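Each of the next two complexes has chain A plus one more chain, namely chain B in the first and chain C in the second.
Up next, the complex of A and B:
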């Protein structure tokens, strides 16, 4: 297993935000986790990224315990809902940021960034500043900046939440393509049912700090607590109503 | 035809604002202006030439003021930036911010008098180091409060993002946070420079009159009723802030807006 999390818990005061959370994730797969706001999704991602310390439990990556490693040494990139582009750097430098930190040579940086710009269809925007880009372009730069350093795991915290529905759809497709091309292992949390089903190779459901990962898509769909059934009933009801009217 | 009074009032306003400065400049170039003479008996650059004369001590005072203000502004700005981060992320954030308002409860003179015992104990009474530390007690909390709003949720997330991209705290500061805060840092530097530049009470008490700054000189000449040198030292006192204000407006405010 690429990522193994065992019995992680986290409390803030008397409130237990994460309860005995365990999960396993294979390499080059995406686990999408559905959950409402305040269910502990963000805390879980921050624990995996090393930004928040769990009260107990362990995190292993490729068999190695990384629980005590600092965020910069984990090789796990955490992407927020906001693109958080560095406003003082242009598109090229934003994407090159992680490579420059790693002190890669200039020729490699130029080659890798130009390839990424080409893949993201942003080659004409390379010298533009973040405030000159649209929401979708900014999010693409944000993905490029994360993926170019070849992270072990990519954590996505509702990454398409701030986009309009059209851009959101395009970004979902783009992310799927990127995940295939760059062989990304990722964990995506969302409160959008459709997005959870579309994006994940595996699907999980989180409620009040407890996570359940389903063995198959059907299992997820058939579980009443995920809300898929009530959603289906709603659309079927609407369809039947229309047929009766005709 | 309706006559507009606006240009007239604007001219009057400009004259009223500029008059004290022009008068100060004229006064600094005069000497031997006794009642009932309408114009001074001597007018020229003689007073200004005296700046470099050691017995007048204005050049030394100017250099002292520049050195103290630059040191205080640099330490307060960068120290305040780092301290404000520590305070912003601290569990007792509100209590710590409340404490940082403490130096402003008392007037600087009373505050200086309260501190003088401790400064005497550590041999910081009557020297430049003591004056710098005393002024930092005022300007550092100012900078700390000034930068408080910078450490918001978004910038905290940016810091976290840099960490997960592989950057340590130094990288985060040098490559991201400092460039992001550049405008604020310049404004803070300007403000703390002015706090130090015009500071009188603490400098007079902790400096014991041995550390001669321009503000000390201005008050000294006023006490002596030497208004020609008083005007001259006031002109020197105004000049650097005017230059800083121009630079700030030209390079900071315009860019920020």
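Up next, the complex of A and C:
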């Protein structure tokens, strides 16, 4: 297993935000986790990224315990709902940031960034500053900046939440393509049911700090607590209503 | 007759512009014109017609040039130290600064006028001041004259220290607000997530953003210090003097023939500062337009 999390818990005061959370994720797969606001999704991602310390439990990456490693040494990139581009750097330098931190040579940086710009269809925007880009373009730069350093895991915290529906759809497809091309292992949390089903190779559901990962998509769809069944009933009801009217 | 809302807003805008011209631009323009006419001998009791003699005298004497250079050096050193100290404080001690008591204490120095700060510095660092007496009591010096000359000295120690004590609290509060408004904590987290250690994240992300965003304010404070009056008047040496002190001294001379030279200096100073300000704002405007 690429990522193994065992019995992680986290409390703030008397409130237990994460309860005995365990999961396993294979390399080059995406686990999407559906959950409402406040269910503990973000805390879980922060614990995996090393930004928050769990009260107990362990995190293993490729068999190695990384629970006590500092965030910059984990090789895990955390993407937020906001694109959080560096406002003082242009598109090229934003994407090159992680490579420069790793002190890669200039020729490699130029080659990799230009390849990434081409893939993201942003080659004409390379010299633009973040404030000159649209929301979708900014999010693409944010993905490119994260993926170019070949992270061991990509954590996505509702990354399409701030986009309009059209852009959101295009970004979902782009992310799927990127995940395939660059062999990305990722964990995506969302409160959007459709997004969770579309994006994940595996699907999980989180409620009040407890996570359940389903063995198959059907199992997820058939579980009443995920909300898929009530959604289906709603659309079927609407369809029947329309048929009766006709 | 009913007046539409856009019309009301437009009228309010026009009144604002009129007030701005009436209260700020007009008096300044009249005073500048008066000084200009005085410097060319066109007004003033002892003047009897157009002359460039005062300009030639001022421009050929080294006094104004030295004073300009001296003032610029003091202003630059004070601003650089204040900005450096503030950036260090905000970037490395921000947790402490967010405590309500310390945050409140930061606002206190902003309420102290420059002249009071100058007196504080005098009382603390003069040869008859607190530190001199303390050094004497501790046996570090044997007489007051042995205490280093920190007030009215050639290196403007007292002036620079006072300027820093006035500016640093302002810049700390300014950078603290920028840090929050620009979401720098989150940007640093992204940098760490991309492999930077916390120190590198601060140096590569927060520091350049804070410096870039504060460029205009830093330059405006430099100009403000260039023309400071009370602090150098109390703590400055006889020669060279800072610009405002020199110009006012010339304008208050008993020799009435010297007054036009004071006005000439004032015109030169005002023109240089206005030009600098104009170029600062033009470059800022270009940045907004071209990104």
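The definition used in the following text is that the second predicted complex is superposed on the first by the 246 of 246 C-alpha atoms of A that agree within 3 Å, B and C clash if a C-alpha of one lies under 4 Å from a C-alpha of the other, contacts with A are read in each partner's own complex, and residues count from 1 in each chain.
FYI, contacts are C-beta pairs under 8 Å (C-beta built on N, C-alpha and C of every residue); 3 or more make two chains touch, one makes a residue touch a chain.
Predicted, not measured: the structure shown is a model, and the values here were computed from it.
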Exercise. Looking at the combined model built on chain A, do chain B and chain C fit side by side or clash?
Worked result: clash
Exercise. When the two structures are overlaid on chain A, which partner does A:128 contact: first (chain B), second (chain C), both, or neither?
Worked result: second
For this session: Based on the superposed arrangement, let me know which partner A:104 touches: chain B (first), chain C (second), both, or neither?
Result: neither
Exercise. Touch check for A:4: first (chain B), second (chain C), both, or neither?
Worked result: neither
Exercise. Between chain B (first) and chain C (second), which does A:84 come into contact with in this model arrangement: first, second, both, or neither?
Worked result: both
For this session: Go through the superposed model and pick first if A:16 touches only chain B, second if only chain C, both, or neither.
Result: neither
Problem set entry | Steric overlap of chain C with chain B in the superposed model, located at which of 38-46, 56-64 or 128-136 | 128-136
Exercise. Where on chain A do chain B and chain C both make contact?
Worked result: 49, 51, 70-72, 75-78, 80, 82, 84, 86-88, 97-98, 101-102, 145-146, 149
Problem set entry | In the complex, chain C residues that touch chain A | 182-183, 186-187, 189-198, 200, 204-205, 208-209, 212, 291
For this session: Under the touch definition given earlier, write down the residues of chain A that touch chain C in their complex.
Result: 49, 51, 70-72, 75-78, 80, 82, 84, 86-88, 97-98, 101-102, 128-129, 131-132, 145-146, 149
Seminar exercise, completed: Seen from chain B, its contact residues with chain A in the complex are 154, 157-158, 160-161, 163-168, 171, 175-176, 179-180, 182
Problem set entry | List of chain A residues in touch with chain B within their complex | 46, 49-51, 70-72, 74-80, 82, 84, 86-88, 97-98, 100-102, 145-146, 149, 155
